[in-house]
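In what comes next, chain A is part of two complexes: it sits with chain B in the first one and with chain C in the second one.
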Partner chain A sequence: MRFTVTQADLMEALGRVSPAVPTKSTLPILSNVLLQLEENRLKMVATDLEVSVVTEVDVQGEVSGSVSVPAKKIGDIVRELDGLTLTINVDESHHLLIDAGEGEYQVPGIAAQEYPSLPEIDSAATLRFTAEDLNSMIARTSFAVSRDELRPALTGVFFQIRPTEVRSVATDGHRLVRIIDQKFRAEGESRELILPVKALDMIRRNLPEKGDVELVVGGNQIMVRLEHATLYSRLIEGRYPHYESVIPQENHNKMIVNVATLIRAVKRAQIFANPINRQIVFHLSQEKVEISAEDVELGGKGREAVDAIYEGEAQTIGYNATYVLDLLKQVPTEDVQFDLGGSTQAGIVRPTQQKEGEDFLMLVMPVRLS
Partner chain B sequence: MMRAEVRDRIRKGVEDDSPRRPRTLSKSNPALVLHVDMDAFFAAIEERDNPSLKGKPVVVGGPKGSRGVVTTANYVAREYGVHAGMSIAEVERRCPDAIHVSTKGGKYSWVSVQLMAILRRYSPVVEPYSIDEAFLDATGCSHLFGGPEAYANQIKQAIHSELNLTASVGIGPSRIVAKMASGLEKPDGLTYVKPEDVGRIFGPMTVRTIPGVGPSTEISLNKLNIYTIDDLAQAPMSMLQKFMGKHGRDLAETIKGKSGAEIIAMEERAEDKSMGHEHTFHVDVTDLDMLLSRLLYLSEKATRRMRKAGYVGRVVTLKLRTHDFRTYDHQRKLDEWTDDPLKVYELAHELLNDLWRPGDKPIRLIGVSVSGLVRPDEHHGVQHNLFTAATHERRTRLLHAVDQMKDQYGEKVLGMAASLESLRKGW
Partner chain C sequence: MPGSNSVEQFKKAAQGGKVAPIYVTSGGEPLLLDEVMRAVRDAVDETTRDFNFDVFYGDDLDAGSFASALGALPMMAERRAVVVKRAESIGTQLANYLVEYAKNPVESTLLVLLFEGSSKKAWIQKVSKEATSINCEAPRGKTLRDWILKTASNLGVELEREALELMTEGRQPRLIDLEGELVKASLLVEEGETITLPVLQQVWGMEPDVDIWRFYDRSTAGQRELALQDILLLRESLEHPQGAGMFLSQTAKRLRLAWKEKRYDALRVPFADRKWSGSTKWQWGKVSSQLKSMPLTQAEAGLERLLDIDRTRKTQSLETVAAFERFIHRMALDRKGGKG
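Right, the complex of A and B next:
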């Protein structure tokens, strides 16, 4: 294999695939990227066996061939060769040699045949999103997924595809996000899929600014063709919990407050929250709304009144400050509405005004104040 | 259960429900701690109840010819070099005439309950430390009985007249000093170590003799050229802090008996780091169901203790020892704090799957412990979960009812059916 490429082109391509390279891996070859040259097209592949990314770059090819090389090593050296044109040669013992004019660098590789092959998708259905909608859906859901590998279903975002709407849902049991997009249209039957958060992050990185994006679903795999890359991902198997049943129907205590004001108050209060459970307390009454926190171990406490409208029973509710802040950051309107039940029930958090054709709702579970 | 290693027996399985009270200490009211330690407790009870054993070497532990270990040896047997933790096979070699008595946990527990009741008449703050030892806070109350030694003597007499057993008592300015003192004149001893005498009496002993100093702490201390308790007492605090952190500093302060109150706080932390139980099988186990059943039983026991002490925990550690005495442990964090045996068991089961599969080496010991303990209160709320909030209340009520039954009728009154398998005789 032999070709010539500019450092900028090669670096860009490496940058697109390298996020798929696992940081810790049981199979050493997964730390490599696969390079395949066919005439003037260099194809690059990285995978962690769950998510795979393929990209292509134009080069001046001389001898076609393939090899796999450590992603970090080649990324590190190519990054430092900026502005140069590189001639790359792979010998029979799979050493990749970079000739950068003044310097010569040799990266040890492994035969391409050892590299895992890409999943094959037997195309069953195609889902079409606008890049903008998909971007905003991923941005607002992926933060809420669980990291708990004991419950794999919760580690992804759940998509419910219906002919005239799509619902995306994420939860870790402590907070939940549900977005219903009623502008969405799908052909064919309804379906449900759970996408790993890593795949969603990679899709989002590579989304075009405008236009449509197609998700091809087949078996337990999904394929997404993006502007400069194609992404494959395994779908998470398992049943997603029946989330609709935990959305409270009768939360009669309503609070409306300016988002920026509340974020500032919560940020100040959490400085005094216990570092382990980050507990802050909302003191709610028709007369005033206050937020407080106290660290009994290290000492220090804070309490402040928040300019808010509250209609409901006087009560105190504890929350994890991190969860509250995470949710508030997603609210696009100036004000946010809380529909609250009692101090042990899920609270609904939503924008005071929904976008057209959308229903955006979040839940946060309180902390038990015994 | 009594066969587990002696150290672990001391460390774990400690039922502690006595309140610890904050005290005000001053020069005129220095801290005074009593350590009451029964002499060859199990063996002494057996001798008491069967006078024909008197004067003969008695070994309480696994039955003769078994793979078990010695739980307690009486003083006659100790003259043959028999000590707790020794294998029964070794006992048979060293002392062929030894009379082997198998452990009767229930009987000893009952005597222990009687003992603690006696101690509570003498101090409002009694901390049972194991089945046959306890710490008493004597600060400010020993003068009511005519001074520390007279006070300790009255306690010893009460134990002797009511239980017909002997105890050794250590008195000191800190728990550790008291504990070390009680060991000096066993059996039936009474040793009062005043703060100014600590250096003279314990100074030349090695640091390893300090309760709680194990092999790894000993190595760390030796690296700093600290070999004896004297060395430790004279080591600059800044050096201990720098190389061993708070642990090193606390150790030195403890040994100097600098502040009783601080020591209690330290002990409290050490004790509250984790709660767990382990079990050595009588026969090495290769059957997954047997391991799981035992794991469920141990998870029940560990969480029962947590609930008693008002803790919820988050990190589950599984410990396995294979037949060749290799010990493995593996831990993982739950995503929520809990005191529910099933949650602990579920994660422990996962950990077991990671470490061991049927067909791997036979298992000799299995243990589970929970750490990351906090006591929920208004400042340490427990995060609710959307999907389990509804069942959580029911679960909490159920566990509470189970606890009440056990409080009233004993630990064995009820348990989960799946854990029964592991309690079958012979395992």
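Right, the complex of A and C next:
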């Protein structure tokens, strides 16, 4: 294999695939990126066997061929060859030799045949999203996904595809996000998918700013054709919990407060929270919400009042500051509305104005007041 | 400590929804710990279980997530549950947090700390004072035999007395292993039939031709070559920890019997076809007293000491000593979980 490529093009392509390379793996070959040259197209593949990314880059090809090389090693050296044109040659021992003018670098490789093959998508159905909607949906849900590998279904975002709407849901058992997009249209049967958060993150990185994105679903795999890459991902198997049963329907206490002001107040209060449980307390009364925190162990405490419109009984509710901040950061409007029950019931958080055709709801569980 | 429960008592309490806020287990029998775990899971409302049931591992615990789980209130349910497996490995910072939590736990949260290893750390003692204990000690003696018979019955088979004896002999078995052996043995007989000793030996991969008593007879009769052959055959059986345990147990019984009958002469101990020296008799006395209480690791050590004396005084043929050394070394490896 032999070709010439600019450092910028090669680096950009490596940047697209390298997030799929696992940081730790029992299979050493997965630390590699696969290079396949056919005439003037260099195809690059990286996978962790769950998520695979394929991209292509234009090169001046001389001899076609393929090899897999350590992603980190080649990424590190190519990054340092800024602005140069690189001539790359692979010898019979699978050594990748980079000729960069004054410098020559040799990266040990492994035969391409040993690299895992890409998944095959069979009996496929196609779903079409606008890039903007998909981006927004992923951004607003993926933060709430669980990291608990004992509950694999919760480690992904749940998509419920209906002919006239799509619902995306994420939860870790302490907070939940549900977005209903009623502008969405799909042909064929309703279907439900749980996409791993890593795949969603990579989709989002490679989304175009405008236009449509196609998701091809077949078996337990999904393929997403993106502007400069194609992504394959295994779908998470298992039953997603019946999330509707935990969304309270009758929270009669309503609070409207400025998002930016509340974020600042919570950030200040959490400095004084117990570093382990991050507990802050909302003291709700008619015209304000007081946010307080106290670290009994170290002795610090803070209290701050924020103007708010509150209709309901005066009450005190404890929250995990991190969870509250995570939710508030997703609110696109100037003000946010909290629909609250009692101090032991889930609180609902929404923007004061929904986007057309959309219902965006977040839920946060209170914590016991210590 | 507020109280102590058997596993069955805890299961009933969990089914009835009348649970204490914190439980700690004592004894690390894996099967009983699993039963506790299942009972905790079942104590949480099924429709919201995904939101209200958290499992953590003490040696891989994120402080923030754990504290959030402990402080959280149940999501559209009466109760939530938090289980910590290998709780003895919880780090100092969270241990201190737990000690404080135990003084004022969340009433709607059922916290269960499952200890697989030692639970003598100070923080565990402090938490245990505020918690209800669940006894997860492996049963012994009649309780163990009853458990085996009940398990066999649940599998639709009966157990021959000799097979039952074989299962309860040796080092303290793990119930989860015994259950596995019973399941395998039950597959070799028809439903309603009896698991006999040969069936059990077949499950354990023991050669029917291998007879421990014959080995002793050959040893004591000075038939070293034949005894050595038996050892080589026995080694196959000793690959199975239970087999090793059984062999050691029978060795101990045999030696204890010899001591009781004061036949600690060359005819009744397997590795001595020579006159006993004063020192060997003294060592033998020590070994025997240890054997009476059946601490098997000490018995091993005692046997090894005897072999050392034999070796230094050259009172035993090197061939037999070497065979015994290999045998004991093998048993020691088996006891460490088959490593090496």
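Methods note: the second predicted complex is superposed on the first by the 366 of 370 C-alpha atoms of A that agree within 3 Å, B and C clash if a C-alpha of one lies under 4 Å from a C-alpha of the other, contacts with A are read in each partner's own complex, and residues count from 1 in each chain.
Keep in mind that, in the parts below, contacts are C-beta pairs under 8 Å (C-beta built on N, C-alpha and C of every residue); 3 or more make two chains touch, one makes a residue touch a chain.
Just so we're clear, the structure is a prediction, and the values are computed from it rather than from any experiment.
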| item | value |
| --- | --- |
| Side-by-side fit of chain B and chain C on chain A, or clash | clash |
| Touching partner for A:P248 - first (chain B), second (chain C), both, neither | second |
| Touching partner for A:L298 - first (chain B), second (chain C), both, neither | neither |
| First (chain B), second (chain C), both or neither touched by A:N277 | both |
| Which of chain B and chain C A:G173 touches, first, second, both or neither | both |
| Colliding stretch - chain C into chain B, listed as 254-262, 272-280 or 290-298 | 290-298 |
| Contact residues common to both interfaces of chain A (with chain B and with chain C) | 147-148, 150, 171, 173-174, 241, 246, 274, 276-277, 279, 318, 320, 344-346, 365-368, 370 |
| Residues on chain C engaged by chain A in the complex (per definition of touch) | 47-52, 54-55, 62-65, 67-73, 75-76, 93-94, 97, 104, 106, 108-109 |
| Interfacial residue positions of chain A with respect to chain B in the complex | 146-148, 150, 171-174, 176, 241, 243, 246, 274, 276-277, 279, 294-296, 318, 320, 344-346, 363, 365-370 |
| Residues on chain B engaged by chain A in the complex (per definition of touch) | 335-336, 346-347, 350, 374, 376-389 |
| Residue numbers on chain A that touch chain C, as the complex places them | 147-148, 150-151, 153-154, 171, 173-174, 241-242, 245-246, 248, 274, 276-279, 318, 320, 322-323, 344-346, 365-368, 370 |
